[in-house]
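Shared between the two complexes below is chain A, which pairs with chain B and chain C, respectively.
Take a look at the complex of A and B:
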């Protein structure tokens, strides 16, 4: 149900230091998501697409994810041009679409897609375990990292548990319908999921205590910043600076 | 429903991050080491529950259960949702990074309010607990809808219609969440009351 599909790969992006990838992604996301300049946003999207291509990811899966992201975007194209106000572009019955509204919707589309593509290529190409270590290096509170580690671990356990419970209700002839009986069954299923995994977590915690666990999250990955990482970092920072210049209207 | 990347205005994003930081800090302060496995399990269950589609007439909706989550976790609902949403952004590309703050508030704050509300009458009687579970479950979804609509409206006047539709879409989910929360909490209370903590 939940797997790191994009993390399996051998491209140069997969081999970059996750700490640098996190830093560059956050900077890019902030600059792009708050930007208004159409030239900057278009260039950002092109950069994101180039990165995506060079990461060599499963094309169909990427397409599927992009479709999900654009579901909401698709919906706003039917609303915003008509509610934004400004100079009239065309009329549709009683509704007036404005030029500014169309540009506004376009900006949102560019921003959203560019940032999400960068997240896919730079973040989702690292394993969660590597990202957790990277976040610890970047001073995320220890408890938060430890919690993230456990949540991710239990996602798989609970995913399997859910499948088991779901199969067992299906074997007993459960058909999912609109009605109290269905809702009640789902409620009990989720309740059971909570309880079963709670008991398991207690056992695991006791086992960890027995092995001397002190609530510390030790860093096991030894990241090493290579020559290529420096090139990536410098290029990334230059790209961010370029986007800021474009946004501020210093160039063009 | 998660707000996508690049939709909200800068002040809205910034306030979301500030509020989330405050909530997470309080949550982490109150977090004891032995609570962490429980928080992790409840968070994962919330993640899994959000992938379950429940039929509603011709379509289906997915569960949120932030009311139940809040009642089980209290203040820890903030770190919990922050990490759930971070994982969803990385693994499934739902939501995003800059909207992490706003999205966390949208889900976690109603959860916290449900908890505060549920606490006032918890354990007085079976019937009352059931009614409160229904109210808290549906209230949490309603509040999430309102917060979502509110953050869109703060971004710009042109979002008013979208915000109205988004809020409207939460109303049927509200009823389902209320029913599921009712059965779910009574079930947990019967089978494993320790999960509800001191209640």
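Take a look at the complex of A and C:
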């Protein structure tokens, strides 16, 4: 299911403290997502690409992820230039493409790709468990973090149970068709999955009670901030500051 | 140490699992339980841990009658239950946190918990697994960590629900060695494998 494929790697980005990666990612994402300055957005995308290159991730995998969001952006390019209004850029039959519309679509493209790439390079390069710990250290509410983590942890188990059930209906000659029999079978399958996950949650809770659970979770991992982490943090903050300056028009 | 007197228990759907059931377990016992499916072996464990309440009868553990949930807090601290399905038991991100969960709940400091984790893993021959991600372990490794998590609380009694199920020959051998040579606790084992039960217990009860 979620295989954390990007998290397996040895680049300098993989070795950074996940807390700092989360902080820098959040700051960058906010600035880029709210920014409108084309120069800033282009530079952000270039920075994202540079980070991606130095993380040494499997390029085809990254491309696959990027294609998914660009699929939606593709349609924006069909709609926005012709509906936005403003100075005419060119005409296509009865349709008028506006300069402002094209820039708007361009901004959306740069923005979403830059943010997506930064998240892939900075966040997806840490394991989920490391990220959970990072979020706890950053004072995100304990309940939220554990909710997230338990969802992730048991998604695997649930996925396996779904596969088991699905295999068993396939092995007994089930073919998916349009018809009441197929719908009913799928409804049973999903119903069964609900019951199983409910029962699983009961057992997990019981197991926790048996080990003296009193409503408090503990984390044991210690993160150590190294020299390189400081360099990353400072460079990251400088980049964020530079983007804000560009956005506000203070430079250029 | 554990005494069940005239226990009756019905499932919510009305099926009687235990009827006027009596059971005694004393210090030093190494007891095997064997019985057909649905004979109430897992139910018995859950009754002892206070996860289920009997319809009738008395449960006396460590010389005290146990009725309310609060009565069972002490029981859960001193009796360790190993679940049949390891995925029910392992929910922490890392092995270290998994094993430390019990000791920390008992009020141990992080430093003490860390020591306990180290010792327990060493006892089970799982040194160096501290930072491993629990859900990426193999089935046999998961079972070992689940046992470690229970042992880390230093319980007086262990209740083991099908500890051999799903283990390969090598891990089964390891489990037998652990039960026979590495732990000092009294225990009750539920299993369908009579041959293995004979190797690790002193007597076997048929339910």
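As a convention for this text, the second predicted complex is superposed on the first by the 244 of 252 C-alpha atoms of A that agree within 3 Å, B and C clash if a C-alpha of one lies under 4 Å from a C-alpha of the other, contacts with A are read in each partner's own complex, and residues count from 1 in each chain.
FYI, contacts are C-beta pairs under 8 Å (C-beta built on N, C-alpha and C of every residue); 3 or more make two chains touch, one makes a residue touch a chain.
Since this is a predicted model, take the numbers as computed values, not measurements.
Participant: Which partner does A:218 reach: the first (chain B), the second (chain C), both, or neither?
Facilitator: Once the two structures are laid over each other on A, A:218 reaches chain C alone.
Participant: For chain A, which side has the bigger count of touched residues, chain B or chain C?
Facilitator: With both complexes superposed on chain A, more residues of chain A are touched by B.
Participant: Quick one: is A:150 in contact with chain B, with chain C, with both, or with neither? Answer first, second, both or neither.
Facilitator: A:150: touches chain B and chain C.
Participant: Now for A:33: first (chain B), second (chain C), both, or neither, which partner does it touch?
Facilitator: first
Participant: A:207 contacts which: chain B (first), chain C (second), both, neither?
Facilitator: After superposing on A, A:207 lies in contact with chain C but is clear of chain B.
Participant: With the two structures laid over each other on chain A, which partner does A:133 touch: chain B (first), chain C (second), both, or neither?
Facilitator: second
Participant: Give one of first, second, both or neither to describe whether A:187 is in contact with chain B, with chain C, with both, or with none.
Facilitator: In the superposition, A:187 touches chain B alone.
Participant: Under the contact rule defined above, give the chain A residues that sit at the interface with chain B and also at the interface with chain C.
Facilitator: Overlap of chain B and chain C footprints on chain A: residues 128, 150, 153, 157, 200, 204.
Participant: Mind listing the chain C positions that touch chain A in their complex?
Facilitator: Residues in contact with chain A: 46, 49, 51, 73, 76-77, 80-81, 83, 85, 87-89, 91, 93-94, 96-97, 100-102, 104-106, 110, 113-114, 131, 133, 135, 149-150, 153.
Participant: Which chain A residues qualify as touching chain B in the complex?
Facilitator: Answer in residue numbers: 1-4, 25-26, 29-30, 32-34, 65, 68-69, 72-73, 75-76, 79-80, 83-85, 101, 104, 107-108, 110-112, 114-116, 119-120, 123-124, 128, 131, 141, 143-144, 146-148, 150-155, 157-159, 162, 176-178, 180, 182-184, 186-188, 190-195, 197-202, 204-205, 215.
Participant: Please output the residues of chain B touching chain A within their complex, sorted ascending.
Facilitator: My answer: residues 4-7, 10, 13, 24, 28, 31, 33-34, 36-45, 47-49, 51-52, 54-57, 63, 65, 72, 79-80, 82-84, 86-87, 89-94, 96-99, 156-162, 165, 176, 179-185, 187-188, 191-192, 195.
Participant: Which positions of chain A touch chain C when the two form their complex?
Facilitator: Those residues of chain A that touch chain C are 127-129, 132-133, 149-150, 153, 156-157, 200, 203-204, 206-214, 216, 218-221.
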